[in-house]
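Shared between the two complexes below is subunit A, which pairs with subunit B and subunit C, respectively.
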Partner chain A sequence: MLAYILRRILATLPVMGIVVVFVFLLVRIAPGDPAAIIAGDYATPENIQKIRVGLGLDKPIHVQFGIYVMNLIRGDLGRSLHSRLPVRQLIQQRLEPTVALAVSTLTFAILMAIPLGILAAWKAGSLIDRAVMVFAVAGFSIPVFWLGFLLIYGFSVKLDLLPVQGYVSFRQGFLPFIQHLILPTVTLGLIYMALLARITRASVLEVLQSDYIRTANAKGVRPITVLFVHALKNAAVPVVTTIGVGFALLIGGVVITESVFALPGLGRLTVDAVLQRDYSIIQGVTLIFSFVYALVNLLVDLSYTLFDPRIRY
Partner chain B sequence: MHVEPDAIPYDRLTGGQKIRRFVRRNPTMAAGGLLLAVMVVLATCAPYLHTVNPVEMNPVERLRAPGAGHWFGTDMYGRDSYSRVIYGSRVSLLVGLVVAVVTSLIGLTIGLISGFVRELDNLIMRVMDGIMALPDLLLAISFVALTKASVRNVIVALVIPQTPRMVRLVRGVVLVLREQPFVESATAMGARLPRLLVRHLLPNTIAPLVVQGTYVMASAVLIEAGLSFLGAGTPPEIPSWGNIMAEARSYVRVGFWLLLFPGLFLAATVLSINMLGDGLRDMLDPRIARRMR
Partner chain C sequence: MKRRTVFGMLAGLLVGMLLVWAGFASAQTVRAVMHAEVRHLDPHWTTADITQVHGYMIYDTLFALDEKGQPQPQMVDTYRLSADKLTYTFTLRDGLKWHDGKPVRAADAVASLNRWAVKDAAGQKLMARTASLEAVNDKTFVLKLKEPYGLTIRALAKEYSYVPFILPERYAVQDPSKPFEGDVIGSGPFMFAAKEWVPGAKTVYVKFKDYVPCKEPASYYAGGKKVNVERVEFVVIPDQSTAVAALGKGEVDYLQRPHVDQWPLLRKDSNVGMYRAEVLQMQIHPNHLVPPFDNVKARQALMLMVNQQDYLRAIAGDPENWRTCYSYLGCKGWLETDAGSDLLKRQDLEKAKQLLAEAGYKGEKIVVMAPSDYPTINAAALTTAAMLRKLGVNVDLQAMDWGTLTSRRPIKDPPSKNPAGWHIFHTTSGYAALKDPWGHANISTACDKAWFGWPCSPRATKALEELGNLAPGTDAFKKGLSEYHAALMENIPYVPLGEFFGYAAYRRDRLSNIIETPLTVFWSMVKK
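Then we have the complex of A and B:
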């Protein structure tokens, strides 16, 4: 068991290595010259050269890569090209809203989608099943930012129930924290929910054809138990896989949602960095997000043995 | 004498009856295809659909609500929103289609090679895994950050994250097929690698490729709109649904129609593509179709 875990972790390392190389190269093949961008419009060639040396861009590329990796191991993600602040500090400042949004969205989506999917599979062919299917396809087709604005218009502008934008930290009050988080969570959560409900329904539907389900029903086990204990556990593997794979969509959605609702999180940091061509921040944030994504997928892989003890490597 | 319509064999049907049978048996695909066709017509016939110049500003008429002269109202510069939305469909559909086609072609090529040539397989899949480890939007955004904003760069930025999935799909098919007897007999008859790949393996990959292609197209349309919305996509001079909504975001209170209509068209387009893809998938893979019922 432990060997399996270790082997899975080791399998992730080459992928992360490629990600690091990728992120490093992505910025280095930029057509623009970062030193010139920092120096500004009126810089002299000496200024640009000085900045270039300061950034270490004059060294050969494999040396640059070596320095980059050494810094990474020490946890140094470089400095922002514009504000000269350490990238690590910038990320730490913006971490809380993003984590809050991501966690609440995941919780909301999973708690809503799985029962919905199970219900649709149980009552396959009925009106509720059709409704869930329609919701699943429609929900996945709706652009995140449009849904966000619709909800803002409905709940903030017209009904004045919830604040339009912004983020209030947990420490400054629980109720405002929740209030500011509801609309972004529902926006992103609905879309993630559509994806999950669909997969849950398909997977549970397949499981419900099994003989052991028929046995459980014949034994007189209550439907709730049959569905949530026997069926769900066996249907879990594709569902959890989708949670992992859909996490990439979640990250993209977080970036857009933070833009719509003006949440000062990592997504906004990324967008601002992109618009300013601030390569260091882009590198740092992409690395962080990729690491988290890889971690999530690793956890998903490891969870397979929980659901299906037959899976052992 | 009334005969049950489903009982008539296919050859004896008239054209109209064939269409009716198709719609009856594949409702989602028919609905999706119809809606998409409407969108394509809107995009191609944009100048003839009662539109005006979408970039022409007319500050006297700013922020008018939808009404007689301006079906979707006007925006903050007085531009006609209806025209902008109709012309915006051009960019979105074009980008979606091109991304889908290019991704399919590249994915097909790499997938065929990777699946068949064992020596390259490991390397190619590692690189693909690396690309897949980066979240889609971030990869696209990073690429756009490095280059000038233009439609062509947006297309490239969208192709890169989607290609690995296509490669995996094609490779999966090839892995299964290369053990089949017909491959062995073709090799025995003297077929060399290119002929094997193109003549024998490729035709079997077309069906899943097309299905995945529709999903890639839907995804591309959505991500392009997202990129444009963030300001990292289509340049602002060219109206695209994402662009229009980006400019309209400060006007939620005073001009919500500016956000409503582009988003509505965007959602309808993506929905139609997804429905078409679902219908295609059900049609081409009878096992799934039977199970889903």
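Then we have the complex of A and C:
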């Protein structure tokens, strides 16, 4: 197992190398000039050029790449072209809200979706099953921003139960932390809930056709035990895969939800960096996301061994 | 008394103290949603308005404009001009301190002005006429001119980018092509809370308790900058609807520039007050180097194509949100004139078509850049595209983000040679810039050295220079102003599309004493 883990980690290195080169070139090929954006609207072409030189953006591209790679080897992701703060610090500032939203969203989605999916599979073909599937379709179809605005209007503006926007760290109080997370969690969670419920239903439905389930039923095992102990465990692999992919996507940032609720997460950091042509941040977050994806994939693959003892690495 | 009762009372007292503390803390904190995020901290490095706002929070200036548009001493206590009008001697006020406690010295002022003038148009004009600028002692510095220059004090009181903020000398001597390195230390009424800065999310300022305001009452950017709150937070809320909802619920106290779509909603809320914070002029900028707009007849065609009311309705909606204005230099200001503006006052599409043909236009594609992430500018671009099509022009309307537009507009090549080339873009200028043509880059007619579009008019350039040497209010000045404006109308560096307003919104039940400036200032403001 350890050898497998090491092999997988080593295998990510060439992938991340390709990502480094690809993103470095892509941001510089794309139209847009960070020096012009920094200089502002009233700046003259001469002032823009001065800024370009000051940031080292006038150097040949291979020189810029060399400097970047040397810094990367030392663990330095560089500095934001705009704020001049270390990219690592900027990412760290945004990590807590992003992780908080990701964890709360997935927790909410898992707690709601898995029982719903199992229920739908158990009562396949019934009204309950149809209701769950309609909910799943609605969940995919509803635009996130629309749902977010609706929830803000209802629960914040009209009922005055929850705040409209913002993020409060749990260090500043657990209650305000939770209060600020509820609406964004429900907004995002409903969509993941829809997806997870559907995947769970399909997977459990397949497993429920198995011989061992028929045997368990014939032996008089309680339905809840059949569903949650025998069926769910064997149906878990695709569900866990979906959860893993969902977590990686959430960490990557859900910019629409972050924008609607003014959450200072990694999604907004990335989009703002793209709009501002802040090359250092774009490169840094892309690298981090690649690593997170690779790590999540590894953890998901390792988790299969918990559900299926036949899988061994 | 039972122990339980005592504990209950103590607990209640503690909770009460916490609630009171929380209430006290929030009453002293103003939470403002500004039009952009503070990303750059060096106001001599970037012209971004939000960085100038940041500058007004933590820095001070030698002079500043009052509500009548007159320069008033700020950090300067007294100044005198020699009889030959060549030597200014400035003495700083007592009690000026940096946020680290060190005293402000004349050497700081000298270094800061030198740094500011490297990039600023008004500063460059001043320094071109300067023989020397030196500190005599810690409180006094002397500016010696090569020739009399009537705009000296006005340049030092410049209110918009680049504002001549005074930095500590050790920062001001650094290369202005890079942002200064080091802690953010100013001598202004607020201090920058660096540890709490989350670029793109939150910027925090705290009251500088050792700030010594001028004795005069606050007036526009001048006068006594008395701070009445403990803390100001610039909070980033990217979505306008969310920001308006947050203001309505009291989660924030101030919105600097809510979008025009939100104004009716804000006006309905009895807890919300609004004031006109700024006046903006929308402009069509043709590329003077590229046919057909290298021919003045094509630029005249653009002018005749325009009906300002159509544009302003598209940009700002209801007529209460805009006004027509046929002056390059702003309406209702000290430089208002409409000399030579006949072409702008009437729309004549047939004549415009004729002029385009005379300029040699034969149906080639005209590239109009439209920044879809700037609603007002995008509205103007779409209107221009529609009007050009009415003239029979083959329009290539290219949607892009502002970042792409700013990277393309320095390109001088025609689109036929360079796919990134362009014919037309739009932008705005604030009222502060319009009434300061000496410092306003957009209106430069200095040919190769001009702003994007590269208008070239030696007549206008000379007229502006000469106007700067005349005393305002005199007949000679009025004559010079007419000559300058007529020269602009002859060359048409850009087409002015009238003026629309920017409003700020605030919780009237919480905030009062707001000074109504285009770049919001937070001194004087009181929070209940």
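The criterion applied here is as follows: the second predicted complex is superposed on the first by the 249 of 313 C-alpha atoms of A that agree within 3 Å, B and C clash if a C-alpha of one lies under 4 Å from a C-alpha of the other, contacts with A are read in each partner's own complex, and residues count from 1 in each chain.
Basically, a contact is a pair of C-beta atoms (placed from the backbone, for glycine too) under 8 Å apart; a residue touches a chain by one contact, two chains touch by 3 or more.
Every value quoted in this text rests on a predicted model; they were computed, and no experiment measured them.
J.: With both complexes overlaid on chain A, does A:L205 touch subunit B (first), subunit C (second), both or neither?
T.: First partner only, subunit B.
J.: Is A:Q172 in contact with subunit B, with subunit C, with both, or with neither (first, second, both, neither)?
T.: A:Q172: touches no partner chain.
J.: Touch check for A:I152: first (subunit B), second (subunit C), both, or neither?
T.: In the superposed model, A:I152 contacts both subunit B and subunit C.
J.: Touch check for A:V53: first (subunit B), second (subunit C), both, or neither?
T.: Touch status of A:V53: second partner only.
J.: What is the contact status of A:S290 with respect to subunit B (first) and subunit C (second): first, second, both, or neither?
T.: It touches subunit B, and subunit C stays clear.
J.: Looking at A:L275 after the superposition, I want to know if it touches subunit B, subunit C, both of them or none. Which is it: first, second, both, neither?
T.: So A:L275 meets both subunit B and subunit C here.
J.: Which partner does A:V260 reach: the first (subunit B), the second (subunit C), both, or neither?
T.: In the superposed model, A:V260 contacts both subunit B and subunit C.
J.: If you lay the two complexes on top of each other, which residues of subunit A touch subunit B in one and subunit C in the other?
T.: 31-32, 149, 152-153, 157, 164, 259-260, 275, 277
J.: Once bound in the complex, which stretches of subunit B touch subunit A?
T.: Within the complex, subunit B contacts subunit A at residues 126-127, 129-131, 133-139, 141-148, 218, 222-223, 225-226, 229-232, 245, 249, 252-253, 256, 259-260, 262-264, 266-267, 270-271, 273-275, 278, 291-293.
J.: Could you pull out which subunit A residues touch subunit B in their complex?
T.: That would be residues 14-16, 18-19, 21-23, 26-27, 29-32, 125, 137-138, 140-146, 149-150, 152-153, 157, 164, 202, 205-206, 247-249, 251-252, 255-256, 259-260, 270-271, 273-275, 277, 279, 282, 285-286, 289-290, 293-294 of subunit A.
J.: Would you pull the subunit A residues touching subunit C in the complex into a rising list?
T.: 31-33, 36-48, 50-51, 53-55, 80, 82-85, 90, 93-94, 149, 152-153, 156-157, 160, 163-166, 258-262, 264, 268-269, 272, 275-277
J.: In their complex, what parts of subunit C are in touch with subunit A?
T.: Touch residues, subunit C against subunit A: 37, 39-41, 45-49, 51, 119, 121, 160-161, 175-179, 198-202, 235-239, 241-243, 245-246, 248-249, 251, 373, 400-404, 406-410, 420, 427, 433, 440-442, 449, 451-452.
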